[in-house]
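Let me give you the structure first, and then I'll get to my questions.
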Amino acid sequence: MAKIIVEVMLKPEILDPQGQAVGNALPRLGFTFATSVRQGKRFEIEMVGQPTDAQMADIHKAAETLLSNPVIETYLIKVEN
Amino acid sequence: MAKIIVEVMLKPEILDPQGQAVGNALPRLGFTFATSVRQGKRFEIEMVGQPTDAQMADIHKAAETLLSNPVIETYLIKVEN
Amino acid sequence: MALDTVSIAQETPDTAQPYKELGLKDDEYLRIKSILGRRPTSSELAMYSVMWSEHCSYKSSKVHLKQFGEKAPHSDALLVGIGENAGVVDVGQGYAVTFKIESHNHPSFIEPYQGAATGVGGIVRDILTMGARPIAVMDPLRFGLADAPDTHRVLPGVIAGIGGYGNCLGLPNIGGEIVFDETYAGNPLVNALCVGVMRHEDIKLAKAHGTGNLVVLFGAKTGGDGIGGVSVLASETFNAAKPTKRPSVQVGDPFAEKVLIECCLEIFHEDLVVGIQDLGGAGLSCATSELASAGSGGMNIQLEKVPLRDPSLSPEEILMSESQERMCAIVEPEKIKRFMAICKKWDVTATVIGEVTDGLQLNITFNGQLIVDVPPRTVAHEGPVYNRPIAEPEYRKSLQPISSAVPRPTSPEEIKSAILKLMSSPNLADKSWVTSQYDKYVQGNTVLAQPEDAGVIRLDEVTNLGVAISTDANARWSYLDPYEGAKLALAESCRNIAVAGAKPLAVTNCLNFGSPEDPGVMWQFAETVRGLADICLELGLPVTGGNVSFYNQTGSVAILPTPVIGVLGVIQDVRERTPMGISREGLELFILGKFDDNLSGSEWAHLFGEIGDSSPVLDLAQEKSLINFLLAGQSLFDAAHDLSNGGLAAAISEMVLRHGIGAKITVESAGIQLFVETPGRVIVAVNTANAEAVVELAQTHGVEISSLGSTGGDALCINDSVIPILELRAAFEETFPKLFG
Amino acid sequence: MKIGVVTFPGSLDDRDALRAIEMAGGQGVSLWHGSDNLKEVQAVILPGGFSYGDYLRCGAIARFAPIMSSIIIAAEHGFPVLGICNGFQVLAEAHLLPGALTRNHELHFLCKDQPLRIENNNTMWTSGFQMNQEVIIPLKNGEGSYQCDDATLNILESEGRVVARYLGQDPNGSRNLIAGITNERGNVVGLMPHPEHAVETLTGPSEDGLPFFTSILHQLVGR
């Protein structure tokens, strides 16, 4: 059984109000470690067995069309076991 | 300069309507690879230099109080360079 | 893993059971044994423990609540009374309206967003269950002090949760309340009201009739939500090694509920159900036992058929799960195909899990083994009843009158700074930061919404028939005198309805109190119910339902007694409604009703840390005359606004701020008259041409009327004090963004 | 004159849009997301709401509905489509309009009576407005912040494809205060504010939304 991770982040040039809000909240709570915060999404997709090449192609297509919007976002796919 | 990644996921026993919506949409689009989908958050936090022990402790505290709600979520911290 | 079946229970009568951990008392456990003639199985124990909890059985409040039935006024409007999921009233033209308030207080403290969201989801399902389309929601809320750190955790989450769920369902939010008081720290009150409409013939009841009819569970799959408590049972009794990580919070899925609403309405439209019940607190335990108990009695359920989100759930947990967005319907076999087709259309999971029998028992099997064999009435309707000790609380003996430390401003500067102070205080400041997070336009029938006195919704686009709803509570008066406090809250709610131009018709309530095991709290509760029942009888308004929330306390400190009252009114032509804001220059302002000098419980005194010693006493005759006057004069008013929290000072400020048109008023004793909250008063703005008629009308109704001033300009002028609207608005509007933005 | 309104699971303002069409003198036809049949309507409105709960991204799942495949093909051939709020989000996800709608900068759902300026009255849906007419129309959404890259923004501005712009205080952080845009042909318009909630003063802040519905009817007659 494999687990596919798809990480979706806003492109750097796109305003990220959520990340910004976290970035502003941290110092108010006394946390001073961060210089910048961006917030994105993380999908954990379970599948039976290891992904075949055809399935990997499908996963890329799903990440590109459904899980992310290429106009504003980028994605990264990882396979875990 | 280090990058701290905080991954926040709903606990497995907690209903995840977002993941469910994706899981239901995939087969409608002809993607049949997934047996289950969960959706969580991913924070990318940039900081100057490598985190000290005290800073790591702070990062854990921030992850536990601000970035996640331990009643329904779990978090995982990773350090990238 | 061993399944505890009825036959095992018979064979092992002495097995120890964790009934105490499940909240049952020794005598309650004995009673279960005597009902069954044996020890309960673990599944039966689970059902009884949750159904006999305070929350589901009303065991401490029942003896008091029955006054609502005993003292009930005769009302032709009441179509369905207390006892069903929500009461239903006839509003004419063949329309029936159902409305109810429920609390989701504690869950909203634990997880503000989800707690509040699922609170909205729950009350909406109650309304839907009656056969109605939900058409609006309201949210009376109470929080700890506005500047307390925990309030900053709780309030934004609660607001986002109410908005997140209600907006996604497409329900306009048309009003509510936000009040801050120290006693709510740790015990926020999240009450939610929903109102729905249907045709008379579409009313549905939670009854399982007809041998052979099918029991259908539909909506979301069942997970481990809200069963933190029962995991005790699953783990201790059977398998100590099993992970008992069962969440006590529920997560809402508003999209699933929206789809469920549309699916149900289509099912109702085709008349496909015999009875229907939503799944809320106590989940399937509650739904099956209530349906069977209210029906002919017999029901078989095959529990393994319940679709699960988490396959590791034990039968006890399936019975107790409080997973949201589920419904249970009784369907005739010949209609099941069509029922399933509609569910499929909406992508709603539906499963036949059992059938109605001609027996008297509720029998539940799990993979063929009998695990529950109970008379359903003993679970659902014949739970324990307590006559808890009652004692007038000590604090009432040490109440002090309002001291001279509470200022009575008189000079122009004093008046100006007092008004600015009052209007910027969190309890009176502009709530747009909150209400702008709620959709008030969806469905296109919202005629009045916050910040108006009442929400008004159009029911019929052709005839313009509509309903008005208001929720009110004055917990400080209830603290001073719970009997009068309850009456005053109801009177205020009626006044809010009448001010908008609607005729009060029916009442719902949500009674939020501390621990019923504290005799002082129980006294507050008993006095509240007595007051409510009395005034409802006197005004001829039926109580159609409600909710009781006990145990809102931290240690020995209870919240202020907070009976939240909701009143529903009917307005024949919504185009005639009266708004609260001054919309034109040159209008004459009148004030109706008398005032006294008792500042007890007022917001002004509260700002200086005082509560005083005596609540006002409701003058019922005056209140009735005022309501009649308002209804008779409806067409004569340009604007009308009720005086409540903050008295005349707040009322006139709000009227001015609504559209930014000023006013000039004169008062004799500003120090008292501006701030006293004497009930039974209203300000009306009247076109000069109508002024004489209004005065005459007041006199014929025996309502005291006096001229207050006139509208116009860009300032609120009180005697010689000039408060520019810009300045007043800044004070009024900056508080919430500063606190929570 | 038949105008379709699509109901997706989670659509909320579909009935309001149908009512607005009827008030403008048209015939509203309800279209179901699961069918690709446009029922011979002459224009389509994608209404507001939370299609599929808007859980992934607003409009991201709805754009794959069967009805959308018909609408996308038709729109590319000049068929008039108006996307209101969630409908605008669906159109952006379907790439019938450029850019994307993202989380409001204050991170809250925001419901308010929003002043706007109509800056293009050359579309099928706005021809009934005066150029630069100022109107008040309810805005209500959590993800209404219009974002696109600089090149796209330049094109939109230089070609006059900004249909409506927010006036006064910035409600959500949209680039250049954009409230609505059109495609090159002017047949597809996306709008964050809700004109269907501004068709009678009894239930809305104004009647300023009505021209969106009368415009299309006039355009269709003229064809």
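Letters are used for the chains, namely A, B, C and D, taken in the order the chains are written, and counting of residues starts over at 1 for each.
As a convention for this text, a residue touches a chain if its C-beta (ideal position, glycine included) is under 8 Å from a C-beta of that chain, and two chains touch if they have at least 3 such contacts.
Nothing here was measured: the structure is a model prediction, and the numbers come from that model.
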{"item": "Which of A-D and C-D has more C-beta contact pairs", "value": "C-D"}
{"item": "For chain C paired with chain D, centre-to-centre distance based on mean C-alpha positions, whole Å", "value": "36"}
{"item": "Euclidean distance of C-alpha centroids - chain A vs chain D, Å", "value": "29"}
{"item": "Distance between the centres, which are taken as Cα means, of chain B and chain A, whole angstrom", "value": "9"}
{"item": "Separation of mean Cα positions, chain C and chain A [Å, integer]", "value": "40"}
{"item": "Residue list for chain B, restricted to those that touch at least two other chains", "value": "17, 20-22, 25, 29, 39"}
{"item": "Chain D: positions in contact with at least two other chains", "value": "52-53, 55-56, 61, 64, 106"}
{"item": "Shared interface positions of chain C, touching two or more other chains", "value": "253, 255-256, 347"}
{"item": "Chain-to-chain touches, reported pairwise for every pair that qualifies", "value": "A-B, A-D, B-C, B-D, C-D"}
{"item": "Touch list for chain C against partner chain D, complex", "value": "160, 163-164, 167-168, 170, 253-256, 258-259, 345-347, 435-447, 458, 461, 574-575, 741"}
{"item": "Touch list for chain B against partner chain D, complex", "value": "17-18, 20-22, 25, 28-29, 39"}
{"item": "For the chain B and chain C complex, residues of the former touching the latter", "value": "10-11, 13-17, 20-21, 24, 69, 71-72"}
{"item": "Complex interface listing, chain B residues touching chain A", "value": "4, 7-9, 19, 22, 25-26, 29, 31, 33-48, 51, 55, 58-59, 61-62, 65-67"}
{"item": "In the complex with chain C, residue positions of chain D that touch it", "value": "9-10, 12-13, 15-16, 19, 34, 48-50, 52-55, 106, 108-112, 138, 140, 142, 194, 196-197, 202-204"}
